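In the part that follows, the structures are each spelled out as structure tokens.
Next come two complexes, and both contain chain A; in the first it sits with chain B, in the second with chain C.
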Partner chain A sequence: MPVAVKRPKIVQDILGRVEALGDDPYQFLRDWKARNDRKIIACLPMHFPLEMIHATGMLPVEMWPSNERITIAHSYVHVFYCGLSRSIVDDALQGKLEFLDGMYFYDQCMQARGLPFVIERNTPIPNIEFHHLPPIISNPDVVKPHLKWNLEKIRKSLERISGKALSDDAISQSIKIYNKNRKLLQRLYRTRKKNPGLLRAREIARIVQASALMLKEEHNELLEQLLPELEKLPVVPDNRVKIFIVGHFCHPPRFDVMDMIEDEGMVVVDDDIYNGARYFALSVNEDVNPIDGLADKFLDRSLPCPTRIDNEVNWGQYVKDKFHACGAQGVINLLAKYCPPHQERYVDIKRELARNNIPELLIELEHEAVSLEGLKTRLQALREQIEMGVK
Partner chain B sequence: MSDVKVKRNELESLKWMGKAIDEYFAEVRRAPEEGKKVCWHIAVPGTLMTTSQGILTIMHAHVAAYIGARHLMKEVFEVSEDEGFLSNTCCYMRTFVGLAMAKVNGVKLPPQIDFPLPDLINCMGECQEQFTMAELLSHKTGAPAIIIDPNPSGCVTKEDFDERVKYLEKQLKEVAIPMIEKVSGHRYDYAALSEAMAVMKKCAILRNKCVALQAHRPAPMTLFDLGVGLAPFIVLQGKPGTVEFYERFLAELEDRVAKGIGAVPDEKYRLYWDNYTMWRLLGVVGRELINHHANIVIGRYPLAFYPDVELIDPENPLHSLAECNVSMLKTLYPHWASEMVNDYVEKFDLDGLLMPASPTCRMFDIGQHDIVDACERKHGVPGLIFEGDMVDIAFFNEAQFKTRFEAFLETIDARKKWRRG
Partner chain C sequence: MSQSGLEVAKISNKTVVAGIDVGSLYTKTVFLDGDGNVVAKNIIRSGAIYQGAAENSFAHALEQVGLERGDIGYTVGTGYGRAKVLFADKEITEITCHGRGSHWLFPEAHTIIDIGGQDTKVIWLNAEGNLRNFVMNDKCAAGTGRFLEVMAATMGLGIEQMGPLSLLSKYNVEISSLCTVFAESEIISLFAQSCALEDICAGLHRAIASRIAGMVAQVGIRERVVMSGGVAQNIGVVKTLEQRLKTSLLIPDEPQIVGALGAALIAWEISNGKQEEIKAALRSTVFDREA
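Moving on, here comes the complex of A and B:
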């Protein structure tokens, strides 16, 4: 279903660019590297302090799943690992990541923990490193000194790879550029909230995904061109069923599934996915020492993450509050199959939504094919349930 | 289902352990009426923190193994399924949280697995699922939770190791102890911790001597015998009788070595077992092993319990606990595990590696393919990777295992011939 608003060429062009980038990040990054003669470091998504990499002049990118079938990786990792981890191994083994100058992993989840061993042993990619970013944040005062110790260790590693000193000033400059990006993305979301028919859910997610793959200055520029154009467009009344999407905490979503949600007469009005609102929800405090600022963002408990343990988080309540705040009529949980951190939190999310009669659908997504026919029927059922007010 | 054609030689000394555990669990069940506190502990390290303080402690993997070995999971899994857990969620989480929820919801459980709800949850988890399990248990039972991070992830240099030990010690002091004091209602008794640690150290020294005897041909015990003997490192830490148990255990093994008696009659294949002991599969897998005169001589998991006896220092208990734990958890990481397995192949004269992988647990199976590959290249010793689970039988295909296991033994035979020239 096309969007209801007629969009100018410049908007269409930008959307075309981010779609192509997300579709083939390999070519985009190879070209970028050739043009700029700068190193590229890939990190596991979500919590790595990318600002520090950026401050060295290298390009930090967050790892992504390929859109091809996984083949060779299955001789190295089990089939019951999430699509993202299997895909990273597959890409690395197939030589598709040969342009990388390093890969940073951290204790994001159990699957992520072993990946550096497999990749280091079987590929020529240099600088495969594992850094400890504490998985428990319930006691920030106890955690913070240790976290800062690890951030300093990352600084040393970056100095070695980049061959130059990494000063606090340089990190502060990068923090400013990253915070600007967060503000621009927040503005994008506000615009979408006022006018949900303006962009498809896929397009929004592609814009965010591009931020994870581009140099932040270039992405800021892109947003600065895009936003005024979008903000000029007329608000079109939208009577579709309003949906709030949750999940995909680190794994980018399946874009075909996002299309299908909207093709079934629903509109995504807000989300809590990593390639979405979670990506820019927290900024780094610019008024303190940059290492403190980065540590404080990591330890900020206002945006719970299933891979960071905080005993005070009530996941059911968190999702319910977000759902009510965005005015949606139903929730879709997008669960990357074999993602233990999410599936364990789903227990509480499901219970709380059911207790409050909030219509909810769980979609387990595999890297491999999902039965789109079956999914279509389930989406129709959700929409009808909401339309008929069936609780 | 194949019959057992060959009979394993049982160890007399191990019988004490079954009785000791039953008695201990009975004491745990009596705790509420006797006014004692109960802790539900998650993870390998750290039970000593509460057991030494008179807090009756049960441990997740131990309880799950107990339930699995007695085929009592069905009732518990039904509860966890009702709670909304997906079937490929960590089986220990489904078991432990399922047990708690059964109690909270008033579901009647078989008496052997009916434990009082916790007054305290303690987790020094080596895996994310353990942290989450503690969080869920705390939310569902209302008991406070200690959740601390002992992982050596990212440790490469001595400087890293020292920082990790410092961090763990700080967490023990600033997070664990204040909470234990609050729940127990009295000041933390460091002398009691030291005493329990001293007893555990004696057990660990004896246990390591037992393990060393496995280098003999035939090996006097199976790895699973060693697994049965783990309780002095989990919930019976520091308890009377544990040192004497290990003395009897060692004496029996030495006697076997002197007389040339193996755990498996006519031992033909000496194998390594990766991963947890899959208690629920032991019937089927054990039958296959014994019928082919194969013994699991050594493995990764049972040796994750305080192997570095020189680090156990009762005079300096918190620092020592931190050091022991950071050190012992290293084997959970594939690069260290790979080195360890290669060492074992030489030290224990192994013929092959059995590498079970559970779709519900990511702890040991990361890097298994590479560990096997490294071993094949270095020693020409093959490995068999197969799916199973500690308690959920749904993930195990018996017929497929038997076929693949037989083919695996044929590969070992061929390699042996080749090595002999």
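Moving on, here comes the complex of A and C:
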């Protein structure tokens, strides 16, 4: 279903660029490297301090899932690993990531811990490293010194790979560029919230995904071109059922499923997914030492993450508050199959939404084929439930 | 177990509406007259051409009441092939329709277990018979009607024989998989061990009941519980499920037709303006063919 608003060519062109980039990051990054003669470091998504990599002049990118079936990776990692884990290993073993100058992993989850060892033993990719970023943040005051010690280890590693010293000033400068990107993306989301028919959910996710793959200065430039054009467009009344999407950490959800949600008569008004609002929710404090700023952002408990254990977080309350704030009528919980952190927290969310009579649908997504026809029925049934005003 | 049927009445009011449920195995049609009485119903095989199945089932129903297509005031299509009921005024999912049909037959019901040809759904209804929550199998047709058809064929039985035969079982046989391919291999292994067919049938029914119980747990069980869909005709599955859920199930006389009945009831409500809010709510959707 096309968007209701007629958009100018410049908007269409930018959306076309980010769609192509997300569809084939390999070619985009190879071309970027050849054009700029700079190194590229891939990191596990979500919590790695990308600003530090950026400050060395290298390009930090967050790892992404391929569009292809998993092949040889199943000889090295279990089939019950999440799609992203298996895809990273598969891409690496197939030689699709040999343009990388390094890969940084950290203790994101149980599956992620084993990946660097498989890749290091079986591919020529240099600088495969595992760094410790504390997975338990219940007591930030206790954890922070340990975290800072590890950030200093990352600094040393980056100095070795880049061949130059990494100063606090350089990190501070990168933090400013990253914070600017976060502010621009927040503006994009405010614009979408006012005018939900302006962009499709897929397009919003592609714009955020592009931020994870592009040099931040280039992405900022892209957003500075895009936003004024979007903000000029008229607000079109949209009577579709309003949906809040939650879950799906680390990488974008399947785009065909996001399209189907909107094709079935619903519109996504806001989200709490990583390749969405979670990506830019927290900024780094620019008024303190940059290592302190990065550590404080990592330990900020206002944006709970199921991969950072915090026993005091009330997940159900968090999702319920976000749902009410965006004026949605229902919640779609997108769960990446074999994501234990999300599975553990889902129970809390489900219970709280049910207690408050909030319509909710859980969709488990796999790297492999999803039964789209059955999914269509479930999405339509959710829409019917909401339309009939059932409590 | 109690039952409720669909008696066909003579048309008392000629404003007739239709509900057509194009399922993966069977297509079902129900007509209601203006007073809300069932005046026609039929069940035919869907085959591979859903559009043709919808046309044929509709034509049979027209024949039953002696009406022309233009006499039908409003038509709702539902089921797996609902998009292929090209003459329907509206599409509604089989989840909503099974809920509505079950509520009409059994107003006291709050939980619906529907096992059809390819799908299994557990539906929670509120007091008005509207959808409150649901779960549906999302991967494959394991444990559905098609699964039982394949198992029956493997054992050289008719599908209708499995239920009664399973009640004669004396020994527990464990069927560990509901995957059609793996379960077929298991059955062949059981043949080699000279297991009796009644024990194998009972084992299959226990495996299905176990899966359904897991789905029921996700939604929560609220009395009373209706079982609809073709598999509700299998007395073995029904009895096993009752034991597993520790409750007695309400079974319609014609459990296959409940989705079509629900579709016809929604068509009737829209046609008669009895529930303006439904008409208003559903009018805005992209599936509305009135526009």
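In this text, the second predicted complex is superposed on the first by the 391 of 391 C-alpha atoms of A that agree within 3 Å, B and C clash if a C-alpha of one lies under 4 Å from a C-alpha of the other, contacts with A are read in each partner's own complex, and residues count from 1 in each chain.
One rule holds in what follows: a residue touches a chain if its C-beta (ideal position, glycine included) is under 8 Å from a C-beta of that chain, and two chains touch if they have at least 3 such contacts.
Only a predicted model underlies this, so the values are computations on that prediction, with no experimental measurement involved.
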Overlay on chain A: chain C relative to chain B, clash or fit: fit
First (chain B), second (chain C), both or neither touched by A:Ser75: first
Which superposed partner A:Val142 touches (first chain B, second chain C, both, neither): first
After the two structures are overlaid on chain A, angle v-u-w for chain B, chain A, chain C in degrees (C-alpha centres, nearest 10): 80
Contact breadth on chain A, by residue count: chain C or chain B: B
Minimum distance between Cα atoms of chain B and chain C in the superposition (Å): 5
On chain A, positions contacted by chain B and by chain C: 364
In the complex with chain A, residue positions of chain C that touch it: 80, 91-96, 119, 126, 130-134, 136-140, 277-278, 281-282, 284-287
Residues of chain B that touch chain A when the two form their complex: 83-86, 88-90, 93, 127-129, 131-132, 134-136, 138-139, 145, 147-149, 151, 153-155, 160, 163-164, 167, 170-171, 174-175, 333-335, 338, 357, 359, 362-363, 365-370, 374
Partner chain B, residues of chain A touching it in the complex: 75-78, 80-81, 106-107, 109-111, 113-115, 117-118, 121-122, 130-132, 134-136, 138-139, 142, 146, 149-150, 153, 306-307, 309, 311, 313-314, 338, 340-341, 343-348, 350-351, 364
Chain A residues touching chain C - in the complex, by the definition given at the top: 1, 239-240, 263-265, 354, 359, 363-364, 370-371, 373-375, 377-378, 380-381, 383-385, 387-391
